[in-house]
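Following are the structures in question.
Shared between the two complexes below is chain A, which pairs with chain B and chain C, respectively.
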Partner chain A sequence: MGGALSAAGPPQGANRAPVGGSAAAKPQASGGPASAAPSPVSDRAFRARCIALAIALVAFALLPLFLKSYGTYLCTLFCVMLMATCGLNLTVGYAGQMSLGQAAFYGIGAYIAAIALKAGVPFFVVLPVAGIACFAVGLALGFPALRVQHHYLAFATLGFNILVYLVMRNEEKITGGTYGISGIPRPSLLGFSLDGVLPFFWFTLAATVVLIAMLGWLLRSPWGRAFAALRDNPIRAESLGINITAYTLLAFAIGAACAGIAGVFFAALVQYVEPAPFHFSVSLMMLLAIIVGGSGRFFGPVIGTVVIVLLPEWLRFMQDWYLAVFGFAVVALMIWLPGGILSIPERFARARAPR
Partner chain B sequence: MAELLQLIVSGAAAGAIYALAALGFTLLWQASGTINFAQGEFVMIPAFVMLFCMSAGAPLWLAFVLTCFIAMLLLGVGFKRAIVDPLIRHGVIPLVIASLGLSIGLKQLVRAGYSAQAFAFPSPFPSGQFSVGGVAVSYADVGTLVFAAMIVIALQAFLERTVTGRAMQAVAQNTDAARVLGIDVKRMVLYTFLINALLATVAALLVTPAYLAKFDMGDSLGPKAFFAAIIGGFNQTRGALLGGVLIGLLENLVGFYVSPAYKEGVALILFLAVILVRPEGLLGKAEERKV
Partner chain C sequence: MSAGFLAVQNVHKAYGAIRAVDGVTFRVGPGEIVGVIGPNGSGKTTLFNSILGQIRPSSGSVEFCGEDITGMAPLQLARRGIGRTFQTLQVFVQLSVRDNLIAAAQEFQGTMRARLFAKPDAGLGARADEMIELFGLTRVARLPAGSLSYGQQKLIDIAMAFMPSPRLVLLDEPCAGVNPGLVDELRELLVTLNRTQGGSFVLIEHNMDFIMKLCPHVICMVEGKVMAEGAPRAVQSDPRVLEAYLGN
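Right after this comes the complex of A and B.
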């Protein structure tokens, strides 16, 4: 499975400068003045990429046929987390903002889903409601924070996550406190029950692909290019007539909405919500996942989510040491490879290129 | 009334500890533009080092003095050389990310390599309380307040009265001008890191008896240090003090009169309120944008 996923990685490689190393990494494919627009790619290369991507996707979709139910659960969880991290990538990688509260939105989505699904509200009503609710909360939180300076959003979202966690733990009448809410039903699709592990995996995978495709479309639209423009040079973008605050706020709120949607799938996947998976340390892991994969790269979150969701399972023998190693690895990565794992091919290309 | 006064004293004592952590945070920011997300862990590590020294038989005061040196070496010089120096050229964000990684790394290192349990920590002050006009005040609260105030006064005196301290202030205000005047900027920045490590060790000594030494004790302390720094004004040393004490006081009052469950949320609410009304912080000066 590592093969399938990493095969999905490299094809989309080199178009965008990662935010992590704004000084260190420059896009090299095109000679354009700024990396606001993706570099032009020839049709053939584009087609080859699409084919590679499709093969990787099919391989991943078929993978659980060879796995036990726990393996399938992990693959589904991977998809769920991927929705949240892709949303966060919009905020971090494209709009250049630090958000440390993605798990709070993820949790809000999950609790909305838990309460509404148990009350019998149909899944396909809950999904947009959770997304819109998180979008609105994102706007309300981002507005004061983004008026000031950009690291303020990091602090505000961090505090917000702590607060949301407290609400989940303390408002027992609504959230069930530390006992949580159990017995959340899974949805059915056109009369098909999605109760089984495999059907639910395919359903989640399909939803993930749709969500990522929508984000991809958004980023290719003029609207999305404004995001990259304001990350690369906010002052220049502003002088071109882009309203920085409005765009950044929107990027943040859309990222929050993705987390809310991921939360709905999470609630339906584990059928039980409690505060722990939405602690702010989870937000840190999501943020670091993006940085590790390569922030501002379309497939950065894929690699990063493998590192935070799947690798710990393979490296079970390391137990508690995994996170310690992970933490120091992030420090080392920032020093030696600020563009993240996906920038390795570029690094080699640059090292080999004649001066 | 007596109740309120008691809450104010113990709130101010808690706030004084936040203020110490916030002060180090602000000094680092002023001198080197470093935002240290591992500030909470910078308090947690000295607590464990002190415990280790004490388990080796050292009395508390000796453990504290030894830890001051170890912290200056590891969290001062080590942090600057190994992480800040290579990253500072790349701007704020890579350094923030690295300090997030460091925060996770240190926390999990203690958890995996030492223990995930909470350890009792001896108080440097006598237990019990005395009564002043019907108000019961604990020795620990008064001791914390006095000790923190002494540290802050000493630090202020150092910054205002000594040549080195004034040179450090010059670096914080305008690095280039300071360099032109012949100030050894690198050395002054290093001093700032050492002071931050010392302040964190003092905060550890004062906070751990109440919080217990645990690998994740920095989780609630770290964010409060940032919030205190911003509420008071990120570019003002006095701001960190005001912010810290304000958070400590309000937390105690909210915890008692409103709901103990939401005590931890007070800092965030105060932070959001302040940045809506006065983005530069209560005592801060608005910064002009550098193009």
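Right after this comes the complex of A and C.
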């Protein structure tokens, strides 16, 4: 029970909640149903949620059996993007550090994988190396965050993304420039080839589940609470002995490492990397996934990533209109549901609660 | 000198030509409760911030338990057992009341790496529940702090400062915006905490009744200087204090 996982209350979009919480203050406490002791009802609700989650996971794992290979590719891409957005959710949603550079780490991971896998380095060596490399770069990118916040930090990270993109495009000897790097091999696992679309999907899905479980465990630990404290009120946090320097840097580094690992899977999925998928507009889409799902909610990125990966595909029948419709849907969502899609149940609960 | 001993020596803080704090000297003994009063703009909060590392004093020194802590960062002060509250509400609005209290003390439990592998409540669940009960927040313990009333958030804010059992706590206007009934409750809480946890308290407050009943020692600041100091009755009846602050 407890822990920052379940504790994230009504988030205020991606913005840090105002100090003092006057904007969030709703005098509903007096009629609140809460009690200090964990009740059996909440335990049952927790178990029901776990079962629902397991069923959803199995259903998703079996879904590609009924899809063509492009559908399976989209499901795999969803898993890959989900690793990156879950990392970004830690940086932005939990620790409150604005980042518009997640696609850069995604790209760094993908290029490390492309170069190393083509050179014959085993996949299971490349994976941790890319993760650690992105962790280190993320740590370095965290330093501006110690000085600037909010939209200034957004621009600092945006600049970093553009810089990485230009390096990918212009350093032809290493990255292949706009031609990119093709012929990236897929890994094999215990002698089984993962070349097929289905085996590779299941492999990626398993890795995504492991990564999300690790993030869940991290956010349930006292670290998760320290990240949330840093987001809600860094000045108070510091006066309570929370090392905000260390947690700010870690928030960036852990988020970046997740994107780096996602990049490795992306390289192996498409077997061809070029700069375009790592453009800063992709960072914007990842940030959109966090906000649409519900910033600082553990499963927010799952919903958000569905929206950014699958919705454009479903809207494709509209042809030239699809971007306009997509944009309008996002604007509408931000106006009527600033807390993201996962805040809908709370909305209903609040509307029904006796005053 | 003994534990919990704070010595502020001739502290100055100037902003250009404005001398916000102009040579303040005072001492706080172990377990002592000291009140700081004075009109708005007399430099009380600037004095607090100079002691607490939020700003660096232009000159002078601050000593705690025999150690020079002048200009030390808030993080280092927290690790030495110095807690504080701010003039405005400073709680973690999205965290539950219980998580606010645990967050207030968890960083004093083991190393950072150990905390990564620690239980979610960092072993502080029982202590948090104890404080929640003491402050009468049991009914709202699992609600996000930001959803509560101002008075309730004020109680959380103060409870957080006491969670890690600090040796010295500086409270900046604990009664501001609090209803009269809660003021008495708050005073009793502070007396209880002083008796059970020990530690020295320094309070800035405009509520004279609160200060007079709670603090055996009172300092009155006017224009950055200590104008009067001593027992509450003596300070209250000092003609200079009456003229500059309290009126007739």
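As a working rule, the second predicted complex is superposed on the first by the 290 of 355 C-alpha atoms of A that agree within 3 Å, B and C clash if a C-alpha of one lies under 4 Å from a C-alpha of the other, contacts with A are read in each partner's own complex, and residues count from 1 in each chain.
Note that a contact is a pair of C-beta atoms (placed from the backbone, for glycine too) under 8 Å apart; a residue touches a chain by one contact, two chains touch by 3 or more.
Everything quoted here is computed from the prediction, not taken from an experiment.
Peer 1: Going by the contact rule set out at the top, does A:P144 touch chain B (first), chain C (second), both, or neither?
Peer 2: Only chain B is touched by A:P144; chain C is not.
Peer 1: In the superposed arrangement, does A:L323 touch chain B (first), chain C (second), both or neither?
Peer 2: Once the two structures are laid over each other on A, A:L323 reaches chain B alone.
Peer 1: Classify the contacts of A:I162 with the two partner chains as first (chain B alone), second (chain C alone), both, or neither.
Peer 2: So A:I162 only meets chain B here.
Peer 1: Touching A:L284 in the superposition: chain B (first), chain C (second), both, neither?
Peer 2: First partner only, chain B.
Peer 1: Applying the touch criterion given at the start, work out whether A:I235 contacts chain B, chain C, both or neither, answering first, second, both or neither.
Peer 2: Once the two structures are laid over each other on A, A:I235 reaches both partners.
Peer 1: For A:V209, decide between first (touching chain B), second (touching chain C), both and neither.
Peer 2: So A:V209 meets neither chain B nor chain C here.
Peer 1: Show me the chain A residues, by the header's touch rule, that chain B contacts in one structure and chain C contacts in the other.
Peer 2: 19-21, 24, 235.
Peer 1: For chain B, which residues count as touching chain A in their complex?
Peer 2: 35, 83, 86-87, 89-98, 100-109, 111-113, 116, 219-220, 223, 226-227, 230, 259, 261-262, 264-265, 267-269, 271-272, 275-276, 279, 291
Peer 1: Under the definition above, what is the set of chain A residues touching chain B in their complex?
Peer 2: Listed in rising order, the residues of chain A that touch chain B are 19-24, 96, 98, 144-145, 147-149, 151-152, 154-156, 158-160, 162-163, 166, 169-170, 235, 280-281, 284, 287-288, 291, 319-321, 323-331, 333-335, 338.
Peer 1: List the residues on chain C that touch chain A in their complex, please.
Peer 2: Those in contact with chain A are residues 52, 73-75, 77-79, 83-84, 86, 88-96, 98-99, 102-109, 112, 115-118, 120-122, 125, 129, 132-133, 138-150, 152-153, 160, 163-164.
Peer 1: Enumerate the contact residues on chain A facing chain C in the complex.
Peer 2: Counting only chain A, the residues touching chain C are 1-4, 7-11, 17-21, 24-30, 32, 34-36, 218, 220-226, 228-229, 231-233, 235-244, 246, 296.
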